[in-house]
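Got some structures for you, see below.
Two complexes follow with chain A in common, the first pairing it with chain B and the second with chain C.
Presenting the complex of A and B:
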């Protein structure tokens, strides 16, 4: 069932931009903080969105991240134009990584990105087409704690 | 333990300006891999790392970690210092290796973040 949208905001993500990578997630965290979202829920949204954002920075040419707030949940949608993921089940395994040495120098490539998103999400959907890109939908319930 | 005391124990130097280090930090996470930090940091208040770049600061901002101490005498580029100042996250650096810094702080009673 569709729920009333209280707030919707979209952010552009540039592939390869490690200097500004994470800025969109920090803005999302600040928006949720200003609204007064429960700290633990805010932390889960921030971690999931940051991991998703850094995946776009690391692997894709560009992407978009959308924050949607409804009375009962927070939804993060990420769409990228990138290489896609050939084997999603394998990519979901903790420790599995295809990171390059450059990505590892930046502190990524632990193989915990997608598992971290799953851990923090109530619902996590991932669709990917090799050669085209990857779409993520992350849902975190508000559990009547807020709004 | 107060970060001022931790600074003295590790003979660390402050990198950021105008950010108070008079803060309590009782649980620590030590890692160069930011996804590991995000996976395990539920109660971490201080990050020990050799990763001196923007992503170390962003990770702390995202995860609510209060401060960073860089090991092996590392110091981040100026844009990272500016970012930390915007985020109000104090940056310090010490000459100890990660192993030594962890051992010293553990022996002083600081705990790992669960």
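Presenting the complex of A and C:
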């Protein structure tokens, strides 16, 4: 199952920093462009990683986003130190959100974050411990032509 | 017009270029390097935005538009002025006068592009209603934005509206009608866009969405300005202020940013202008950051086409003139909506073929090699001073590092004046 890692990069995410929120996913996007990942796949990674990053910015104290590239897939791992999600099934429902009115005012927290990640991922795993934090694993397969 | 068709609409005049780095610094796609004290444009990366032309202090960058003398090879010569032209002669000269002046200087017919703009506004609304494809749908009017998306945001190509811009639609119509009326071949009819940007030449010479453009050239407003001014002066006393031009404020409004969305009833539409803001919003669209927007109008020039590189009038005054005209001509449609819908049903507005993504090549065609080069680039970048002075001939340290790992001929790290040989 585990494949040889050919690239691994890690980025810090600061909770509450809406100004710089999105920087990590933007860096990932640029890296993928530079190594010639297919545009459609790149866009799915960009969208999923942006949503994941903004979840950390919105709800957690801090977090880390890791990009792992193997010959057949792109893996994004996000770990945060935050409140955790008590009911994952509920959180995965489109439109469900615990965002504050201020966040919504800024256009965040429409409750589409997790469903949107899932929509763009080939495999999506989520683990959360209330009071400790949330771990996401997003896997997007590369086409054959990318191998 | 026997010279080879230029792939790009700008050329560096090596006699005038002193290699000062100004153009290299402003190029949004980092297409320019200074090689042997001269600016060299990488044709793969250039999107014809004209930023280098605007910035060059020595007039060394030349736009390659159609010369007025080139039009004589056609039996019937038609001028198709962009509504921008109406903003160039002060606020007392009306569109009709300008159209007449164009005729007086040698065109057999003059067609007001703003009519086609109004038509396209109706067609865009129709498109938004009928197509439930992913949003936002992005305007195809500015040829530079189309190239920018192909190059820098290839994953967004499918969002571009599959509809030709007004200049092509107008020309298509004119060719058909005039050839019927005069019983001559379409090839004998020359249609020339009077334009605010050299990029139109690229979309005419190398169209992305059709076999052959319906336009036969683009004449720069700068090139034709003096002639028109002289004509307008001469005939000034013959004109009483008139507003009977067929155009409406909707069509004329296309000259400024926001004009396209002003004509459509979609509330959730956004207009952006200027190269940096356009890049920023497209980058946000790519990340999925922009939600709930139906239609996105992007124009590469500041404030839209009135800020085009080939205009003469100060763009703030030009904007004020256009706003005045919009008020004067009103918001009422002059075009028969059901006629536009009929044409729409016949696919009259549609692309003949889809736009293809053309991403910049990666650091290496082989993924593993590309990753090696990426890491090497990061190592080199750590050693460089990071002040982006441009003296090495690359626009910033990152581009220099990239050129190094790509194995640019004869390039060594010693080119950096801070590190020395």
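As a working rule, the second predicted complex is superposed on the first by the 146 of 147 C-alpha atoms of A that agree within 3 Å, B and C clash if a C-alpha of one lies under 4 Å from a C-alpha of the other, contacts with A are read in each partner's own complex, and residues count from 1 in each chain.
As a working rule, contacts are C-beta pairs under 8 Å (C-beta built on N, C-alpha and C of every residue); 3 or more make two chains touch, one makes a residue touch a chain.
Since this is a predicted model, take the numbers as computed values, not measurements.
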{"item": "Side-by-side fit of chain B and chain C on chain A, or clash", "value": "clash"}
{"item": "Touched partner set for A:113, first chain B, second chain C, both or neither", "value": "first"}
{"item": "Contacts of A:31 with chain B and chain C, given as first, second, both or neither", "value": "second"}
{"item": "Chain B versus chain C as contact partner of A:6, first or second or both or neither", "value": "second"}
{"item": "Touched partner set for A:51, first chain B, second chain C, both or neither", "value": "both"}
{"item": "First, second, both or neither for A:18, with chain B first and chain C second", "value": "first"}
{"item": "Touching partner for A:69 - first (chain B), second (chain C), both, neither", "value": "second"}
{"item": "Chain B versus chain C as contact partner of A:124, first or second or both or neither", "value": "neither"}
{"item": "Chain B versus chain C as contact partner of A:43, first or second or both or neither", "value": "both"}
{"item": "Segment of chain C intruding into chain B (one of 55-63, 253-261 or 325-333)", "value": "253-261"}
{"item": "Residues on chain A lying within both footprints (that of chain B and that of chain C)", "value": "22, 25-26, 29, 39, 43, 46-47, 50-51, 107, 110, 112, 116"}
{"item": "Chain B - residues contacting chain A, complex", "value": "32-36, 38-39, 49, 51, 53-56, 58-59, 61-64, 79, 87"}
{"item": "Of chain A, residues touching chain C in the complex", "value": "6-7, 22, 25-26, 29, 31, 33-36, 39-40, 42-43, 46-47, 50-51, 69, 107, 110, 112, 116, 146"}
{"item": "Residue ranges of chain C in contact with chain A within the complex", "value": "154-157, 283, 286-289, 291, 357, 359-365, 367-368, 370-371, 374"}
{"item": "Chain B-facing residues of chain A, complex", "value": "18-19, 21-23, 25-26, 29, 39, 43, 46-47, 50-51, 54, 106-113, 115-116, 119"}
